[in-house]
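The same subunit A turns up in both complexes below, where it pairs with subunit B and then with subunit C.
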Partner chain A sequence: MTSPNGNGHSAPEHVLLRIKRQKAPGEPPYWESFRVPYEPGMNVISALMKIRLNPVTAEGRATTPVTWDSGCLEEVCGACSMRINGIPRQSCTALVDKLEQPIVLEPFSKFPVLRDLMVDRTPMFDALKRIKAWVPLDGTYALGPGDKMAPELQQIRYKYSECMTCGCCLEACPQYNNRSSFIGASAIGQAYLFNEHPTGRNLKGDRLDVMMGPGGVVDCGNAQNCVRVCPKHIPLTDAIAAIGGQVTVHAIKKMLRF
Partner chain B sequence: MSKNIIIVGGGLAGLAAAIKVAEAGWHVDLFSLVPVKRSHSVCAQGGINSAKNLKGEGDHPDIHISDSLFGGEFLADQDLVKEMCYDGPAIIDLLDRMGVPFNRTDEGYLDFRRFGGTLHHRTAYAGATTGQQLMYALDEQVRRYEAEGKVDKYEYWEFLSAILDDDGVCRGITAMNLWDRSVHVFKAGAVCLATGGPGLVFGKSTNSVINTGAANGRVYQQGVHYANGEFIQVHPTSIPGADKLRLISESVRGEGGRVWVPKDPKDRRRPSDIPDSERDYFLERKYPRYGNLVPRDVATREIFAICVNEGRGVDGQNQVYLDITPERSGQPADVLERKLGGVFEIYRKFSGTDPLAEPMKIFPGVHYSMGGLWVSPKDENGQVKQMTNIPGLFAAGEADFQYHGANRLGANSLLSCIFGGFIAGPRMCEWASSHSAPPPESVYERELKRQTEINDRILAMTGGNENTFKIHQELGDAMTRSCTVVRENDDLVKLMAKIAELEERWHRININDTSKSVNQSFVWTRAVWDMIQLAKAIAKGALLRDECRGAHYKPAHDVEKPEKEKLGEATDTDAYQDYVRELAAANKTTYKVKPKSGKEVSPEFVEYIRQWVEREKKWNKTTIASWRPNAEPEMSFRDVSMTVEPPRPRIYK
Partner chain C sequence: MTDTQYFLVRRVHSLLGVIPLGVFLFAHMTTNSMALFGQEAFDHKVALIHSLGPLLPFVEAAVIFIPLVLHIIIGIVIAHTGVSNTSDLGYGRNWAYTLQRWTGWIALAFLLYHTITLRFLDVAGGRANFFPYMSYLFRYDSLWMFWIFAYLAGGLAVIYHFANGLCTFCMTWGITVGPKSQRVMAGIAAVVGLGLVAMLVSSIVGFYVNAPIEAANWQSGIMLTGPN
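Entry: the complex of A and B
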């Protein structure tokens, strides 16, 4: 079942997908397979788009279109995370040519499934509230420019500031699950980002209080799965180490104060 | 509902408005299709403009105004453009204070780059993900207000309609929870739509897949005027893809990227093996001053012409090279990587080759809508800036039509989104304070009933044979074919017929799925209807406007320019001077206009200016579309306020 494509390689005529589906929150999951026409350069999302143009399973049975979450389609919004052949990643950059078939798609397991491949990642946004991931401004009125900043610091902050709350790091983390209250690598990265900002630093104590408490940075088992899957290549383990250090200093300071 | 404001949309414009409203002590209900942090604004790569003049070039807000008006071919109402450019530097300062990791100079100041349509370094940027970085900074401030209870977010909620009282004043909205499709009423003293652009009306575009424009289409059907819809920016450089067209930012050209095709169209060598002497850098050849940094519409048309008209695209396909290799751009690889890494990453990810080793292959893609919901450019005669013609209903961001005229300059949109949001926020609070008497409950009940009925009708669409996604695909294909880079009236007439056919077929959609939980087909089907309505406004505007202006290019109605050698200064002709005097009187202003140079003017140029003035008088007008059920929209044209600068012919040499 192969035919030559433009590059002289042989390419499959069809792409086979196996998708773990679920009708609604709390319902039992079930599997369906789909066969869609191959196109050069296609990714998992364009394959899913083909399914909804003709929602029929590989066995020829009519079904409902598959539900998934997406936005930018260029790996910057963080919406389209799912498990693809077992690995948590963004589906918009998952090129079919580079995937073994059948391509197995599953929703994230660490978050409640809403339907099919779509999950509820609200806890990630709540974590950002808890760690006060912002710079405390006096107001939006004119106060002139911010602090000058060395390009080196800007480069470090920029890296962490690319975190798109996609959740891959949490899905991959052995410590992040419904038996623990671990806040997860992305929030630790964000705490680091704001602790490094000249004004963001004013809330460092509050952030470290959270990081010191239950579910804080000490819950990290240092398995390093997070860095391996982060689509933005954020040096999460550096942040974990740095925040770990900051927490120790913070704890000693607090002890001395009493 | 005391002191409550509704903002629909959590992109840059919506978040900017929310911050101002919360800061003023009002409560915000903030609605978005997706968690606001995932809004389309994160896609912006290149940067944000402001004449901070940190490069010792003598840049000034006045020059920014002039570049913006000129780039937009003088179709923008000028008062607000002026205000925006003057506020630009303060907005950059504020974003800087919020912690946006803008790129820095060695000394630690903000770095600026050049973008199209200007000769100055005016664009602040944060790596290659400026939009994402600005979004996060505003999102963080809003999250802070959320933690303080001043903002409530409704994420994964879809705006359905404005609630209008018996006097036609907006009193709230109906919205649908996308997780269970239940419809609810929300009350507020004022409502702002910051719902972004309608890229998906063209099927595939550089936009996020949530940018249907449906919210805008809905209030258009409730009576809001849709202005300048035909002005759709097609970005010169995108990577064609099966699911979307991925933008390659203008910053690549800003950093020295050069556009070319092999001189011999049959040349199949690897691009890096083709020497400079056998390359046609056609933008540099035709526009020696601006070179690769001509404005977008010009670059798009030139690329289109090379591929489609002249058949000189790379490998015989619709694509040209964009060369940012260190050898050709003159910048070392590590510097390029630092400045453009995000853009390169996208290209590497989706095409598998490295732009630092081989030039990229690109083609134009639908990108941005200059047109949108009509909003008032002034605070006078009962009108309020950023308020639509429905009292109490505001709009900001790409959803409004205000700031970019016939063509948006790169990096001006992020600025206009934040500026528009900042303008809308305080005005909504003022408006709501002076219109605080609540309407009767029946106003809300009847709108809830109307919306529930619409949903029930769609959910009953289970007998037909049309696929909702297919209808959309056909709409997008037709719009892209006939209503983008080159427009012809015969074609547009056919397009109108095609849209009417799709509208009729829409009723025969089989929605396939009636379940309650995250029912995307049902939600999509509703949006497709609204996209069809917007498509009509866009296509009809394109059909009626018999001229070329900015992104709207209709060669059969072009004013022919004399050859380069015969081009003079417009100010040297009597026809131009007379026109400017007339305009000044009409706008009750005086302009700073260059005096005549006294040079002799060629007869060809005099004739060109005469025709150009005639065209200006006829077409320098805002297009207004008013919706009509089961028919084509009613179109009218309005004068543009020219309080700052008179139009001049748009010639980029």
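Entry: the complex of A and C
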């Protein structure tokens, strides 16, 4: 049986999902299939909401509702990121009409799973602390207005400021895994963003120290998956090459001033 | 290891692949391709290298052996830090990344066999015998198809590893920053790589077509193929 959808095409009455689940951190994962009623224009999150309304597997067995993380529902917070048919992306902008079925949902494999599709992305925020991804302004007196920024530089930096720390770039990266301490593309992009800021530049040396050490930009393998999967189309590989160049200069200066 | 030391190790690996190893690869392939013009042309080129005389072992160590061993050791460590994921993300550069590691392993096996037999054990019995020895392997040995395949596979692996390495070298050092310049570099690397492949193929054709008479009755070839 079919029902019309918004495009005038006939659409299936049900949506099939295959979900990799996990009860708690460290527990073994298991797979469950679900068949939820189709609605025109639905996304993966609305499909997950249907499961929550009626947590019964495709085989008709009662189960627990699937847990996932989400926030803004408009692809700016990054919380609902997961692997959808093998591709790391946000589930809020993953439209069911555009996905092959069964829709395979998996939690990110590079972060600890808290439950089902919800992962702990704390390592990403720790990385931002490591590279001091901020403009140093705190002090005992007002510093006054900062330096002006050229519009050209504003344009370049704007793209990097769109990073929502979603983790897609890290999930896709062959060098970001438990065998390597690689910090990943998002942090390198942020190091570039703040190194190019007129005041943020004051911490450039600290950032480049992290970038030249173990886990820094030097551990990049140039597979360039990061830039392919980034939902915000941030030119991450430009930042990687640019930071690579900055690190070269920084290291030579460091070696000459001992 | 300090940050500076780690940086140096990684960048030394990157640099050695181009200078001197990439430069040497060119010199080596030029010599091999001379086989197309006959044994005399090939031997002349080999003699040119050996005209370094007593300096040769030092040049060999500085330009080939030490850089190669360092590049291999660091490369093996680097290869162990990666987990390939081309099955999910079949993007071009992701394949390039994975192939860089595969060709690294193939090149390692090939170069180990190549240097141990021809350089250290000297199975050919001196440089004057290089040409007939290769002709024997590629034309008259019972396993001739295997030798040609192994030579071709090993050569292609080394050439790919070098050509892709040129691209990643330029990214790593911040020479090609944007996607456009990286595409241009990929084109240049492809031309360089195809040039080297042409030299590789010429050498096979040369050793086969220009086989000297004594190659048919080569004896020390037994050392490699085992008693018949």
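Please note the rule applied: the second predicted complex is superposed on the first by the 248 of 258 C-alpha atoms of A that agree within 3 Å, B and C clash if a C-alpha of one lies under 4 Å from a C-alpha of the other, contacts with A are read in each partner's own complex, and residues count from 1 in each chain.
Here is the rule we use: a residue touches a chain if its C-beta (ideal position, glycine included) is under 8 Å from a C-beta of that chain, and two chains touch if they have at least 3 such contacts.
Nothing here was measured: the structure is a model prediction, and the numbers come from that model.
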First (subunit B), second (subunit C), both or neither touched by A:Ala79: first
Which superposed partner A:Pro28 touches (first subunit B, second subunit C, both, neither): neither
Partner chain(s) touched by A:Gly60 [first = subunit B, second = subunit C, both, neither]: neither
Which of subunit B and subunit C A:Leu114 touches, first, second, both or neither: first
Partner chain(s) touched by A:Ala133 [first = subunit B, second = subunit C, both, neither]: first
Dominant toucher of subunit A (residue count), subunit B or subunit C: B
Which superposed partner A:Gln224 touches (first subunit B, second subunit C, both, neither): second
Subunit B versus subunit C as contact partner of A:Ala150, first or second or both or neither: first
Which superposed partner A:Ala241 touches (first subunit B, second subunit C, both, neither): second
Contact residues of subunit A, present in both the subunit B and the subunit C interface: none
Residue ranges of subunit C in contact with subunit A within the complex: 1-4, 6-8, 10-11, 78, 80-85, 88-89, 91, 93-94, 96-98, 100, 167-168, 171-179, 182
Sites on subunit A touched by subunit B in the complex: 23-25, 39, 41-43, 45-46, 49, 52-55, 64-65, 67, 69-79, 92-93, 95, 114-116, 118, 121, 125, 128-129, 132-137, 139-140, 142-146, 148-151, 154-155, 157-158, 161-162, 164-165, 194, 197, 199-200
List of subunit B residues in touch with subunit A within their complex: 19-20, 23, 34-35, 37-40, 42-43, 90, 92-94, 96-99, 101-110, 126-127, 129, 132-133, 136-137, 140-141, 143-144, 146-147, 179, 208-210, 241-244, 246-247, 338, 346, 349-351, 422, 467, 469-470, 473, 512-513, 515-518, 520-521
Touching residues (chain side subunit A, partner subunit C) in the complex: 83, 86-87, 172, 174-175, 177, 179-180, 182, 209-210, 212-214, 216, 218-225, 227-229, 235, 237-238, 240-248, 251, 254-255
